[in-house]
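Let me give you the structure first, and then I'll get to my questions.
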Amino acid sequence: MPDALVQLKALDKRFPGHHAVRAIDLDIAAGEFIALMGPSGCGKSTTLRLIAGLDTPTGGEILIAGQRMNDVPAFQRDTPMVWQSLALFPFLSVIENVEFPLRMKKIHAAERRKRALEWLERLGLAGMADREIAQLSGGQRQRVAIARALVIQPPILLLDEPLSALDAHLRVRMQTELSRLHKELGITFIYVTHAQSEAFALADRIVLMNEGRIQQIGRPQHVYREPANAFVAEFMGANNIVSGTAAGTAGDKIAIAGPLGTFLVPARGRTVQGRASFVIGADRVSLSATGGEGALKGQVIGLEFVGSTQTVFIEVGGSEFRVQKQQHEIDSLDLGPGREVFLTWQAEHAWLLPDAA
Amino acid sequence: MTLVERMRSGLGRRGARTAASPAVLPAMLGVPVGLWQAVFFAAPLGFLVVVTFWTVKSFRLEPDFSLANWERILLSGPFQRALLYTFEISLLSAVLTLLVALPAAYTIAFRLPRWLRDLAVTLLIVPVFSSYMLRIYAWQIVLSPGGIINSVLRFLLDLELNLLGGQISLQVGLLTLTLPVAILILVMAFSGIDRTLIEAAENLGCRRVRVIWHVMLPSIRRAIALAGSTAFLLAFGDYISPLFMTGSKPPTLSILIVDTVKSGSQWPRASVVGVSMLVILALVFLAVAWAGRAGKGGK
Amino acid sequence: MTALRRASRLAQYGFLAGVFLFIATPMLVIVVFSFDANRFPTIPWGGFSLDWHIAVLQDQMVLDAFLHSLMVAGSTAAIATVLGFAAAYIDYRYLFRGKTLFILAVAIPPAVPASIMGMAMLAFLSRLGLFGSLTAIVVCHVAISTSFAMAIIRLKLNDFSRDLEPAAWNLGASPLATLLTVVLPFCRPALIAAFFLSAAVSFDEFLIAWFVGGTMETLPVRILNLLQGQVNPKINAIGTIVLLISVTLVLIAQHFTGLRAGGKRKA
């Protein structure tokens, strides 16, 4: 991306005993909402801290608006962050917290107060200016933290798992607010989370990381449906991975032969030899009581009820399959542990993993 | 400055967030304190050790490297007697302190309502920092032959007790010094015991006394050791109680030091006494710490 | 078993009352008998009299010593609070080789018996030519009080969330600005407590002041010298004033620490 706002070039961070970020490359466009995702310890928070200047890279470069930032200390970068712990100053009132960045920019008192009050109002905190932080609810504190970060009207906003401390219902409300803010302000949001649902709801693009490396970058749906490797496929949750060996082609499809049988997978212009795997989404598998041509026979291990969907765990020839269905779709099947059931899917829905390793 | 460089390198992720900070700040903060303590605490003590090897020639202190002072003092009868005596009274004081402090701390921690507990803590903190010397003087008044207790006894029972001048008055004085601190340490420790441990023990059928003996005291073992060591330390180094309660007869090591210094230029000898005291205190603390670790076993 | 339990409770409360009586008696004796017309405090009480207090207020040596004590305590408190804050902050924030030694050097001084410390200071400072001045006393008192100041402030910093400083940097505050606008305001109650406690420690200290001060007496040294003589009823009067001041200083310090038996109150 030639005129990206933030560019990470071979960015590397090594701690004593822990290689947190391994020479990653990433370009972030101005105005986009990008989510850094991954399991604990994958390097997403470290990357965010490197962008903010709270840690110095041990290799590579960070460029913001084309300027090299490696040697610029944190307090001289305009990359305010919304912290997981919120990090509100307990000895300052609400408005004093929001005024803090303006105070650091030596903006004089009257102007400071005016701008801070504007932002409090914008975030629905009008009238709370003189309250103490301790008197606020979790959601209100969250909004003070956001107001404090945005009051200097930065080009980039960093967010480090900002909603993880909130209860589920409040989290959803805040997600909507963040989305709205992003659209209104048009600035770049860099958002770290381990919750897939948040990333999916908010982000234009997702960066999935694992063990310090970027596994895949792309739009949420794309990463979900077309994972780049087995890790991505598994992290995204509701995917089944079937492995085997390439065994010829049939039209625009490749045949993969394995212990469970031979399956056709769309080639999409790729060729593959030797070991190969493909992915079939849990919601793309159909269940029936009677088998048919090409159906897999399996035994139900267990069921998990999550709202209106059921996840059915099925043992098929030594492997475990996960199938997600709406409750009403499988009512008639009368499923229970130990019952026999047949699985099928449409070949078009299978996705050949580019990196079988 | 290598200290600054070392600070900059910062070990580990937590705590050493030196990434965005110049090393000027820690140097600005650390150097004054470090220097002050080095010059006005470490250096004088170091100097004291050095002086033990110096000699006094015609009333003037002269640098030397002589073990004469050490020989003279360590082998002298008065010193050895004073050492033994000081050690004995300190040990006795530590034991007495614990015997009094433990029940008192227990009562404060478990048997008082919150507001009374806070008041008790305040009433204990205040004496620690207020005029130990004056309080010993007050005891002297109270215990002396013409004093309050004897006046009352004479009036009621026609009795007169010789309370001053003996171990009783000395230990009373030392208790005045050690008790508040010891009780505070133990109150904090008792308050910090995990309540679920106590509930579990009671749930398993232990009566209160057994809970105390088998659950609580072992839990605060370290605090008991700390309270006892502190009492020992305070008593061992005390100058005032032996002076006023027993008239310096027999003398403790601190009295020996003050007298030697007052009487003129026998610095090396006084220093030997002082350094010996420090060595003994260090050994006592190490012994207590070692005993604590040995007792913990495989924890 | 309730009769036994009640008896045992009574015994516990009685014992505790006895302990507090033991601790309080000396202070009560001092104060009460400072108003006793008798030269020697005894029962029966000799009648209420302000004579001794008046005599004390007219005693020039006592007044000088009192002034010296105030000056020494004030200077000690100011310097010790600054140094104690520096030590506490360094302990909180940094990790470096020799840190244990550094912290030990600040924390240990109160554990060294005052007689040894006094002697060492005297020998050392007289070689530096600092003997016999209030400065000498201040210098030694600071070395000791800093330990208490550091402890109080370090305790407060335990509640200082690890994210607050990076958050301040992130919002545009340089490390120095962060120290001044975030850390110091957060520590304010502890700084005040440290100041008053250091003042109390210095005000109360007599042995080192006696060794090192020479003819520059602080109030406790004056008392010590008075005590070496005969029983002097003025001592009770001086003692009352000294106790009043000490107690006030400690109570103020305690108020700002918010220290409680069952855990800390958020000050």
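All chains are identified by letter, namely A, B and C, in their written order; residue positions are counted from 1 within each chain.
By definition in this document, contacts are C-beta pairs under 8 Å (C-beta built on N, C-alpha and C of every residue); 3 or more make two chains touch, one makes a residue touch a chain.
Worth saying up front: this structure is predicted, and the values here are computed from it rather than measured.
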Legend entry - Between chain A and chain C, the fewest steps along chains that touch one another: 1
Inset, instruction - Quick one: name the chains whose C-beta contact count is the highest of any pair. - result: B-C
Legend entry - Far-end chain from chain C, centres as C-alpha averages: A
Legend entry - Centre distance in Å when chain A and chain C are each reduced to the mean of their C-alpha atoms: 56
Inset, instruction - Compute the distance, rounded to whole Å, between the mean C-alpha positions of chain B and chain C. - result: 16
Inset, instruction - Would you mind pulling out the distance in Å between where the CA atoms of chain A average out and where those of chain B do? - result: 58
Inset, instruction - Return the residues of chain A touching two or more other chains; collapse runs of consecutive numbers into ranges. - result: 53-54, 73-75
Inset, instruction - Note the residues in chain C that touch 2 or more other chains, in rising order. - result: 166, 169, 175
Legend entry - chain B residues counted as touching two or more neighbouring chains: 11-12, 17, 20-21
Legend entry - Touching residues on chain C, where the partner in the complex is chain B: 9, 12-13, 15-16, 19-20, 22-27, 29-30, 33, 40-44, 82-83, 86-87, 89-90, 92-98, 102, 105-106, 108-109, 111-117, 119-125, 127, 139-140, 142-143, 146, 162, 165-166, 169, 175-176, 179, 197, 200-201, 204, 206-207, 211, 220, 223-224, 227, 231, 235, 239, 242-243, 246-247, 249-251, 254, 259-263
Legend entry - Footprint of chain C on chain A - complex, ascending: 52-54, 73-76, 79-81, 83, 85, 87, 89-92, 100-101, 103-105, 148-149, 152
Inset, instruction - Spell out the residues on chain C that touch chain A in their complex, using ranges where they run on. - result: 161, 163-164, 166-175, 177-178, 181-182, 185-186, 188
Legend entry - For the chain B and chain C complex, residues of the former touching the latter: 3, 6-7, 9-12, 14-18, 20-22, 25-26, 29-30, 32-34, 36-38, 40-45, 47-48, 51, 100, 103-104, 106-109, 111, 114, 117-118, 120-139, 141-142, 146-148, 151-152, 155, 175-176, 179-180, 183, 187-188, 191, 233, 236-239, 244, 254, 257-258, 261, 267, 270-271, 274, 277-278, 281
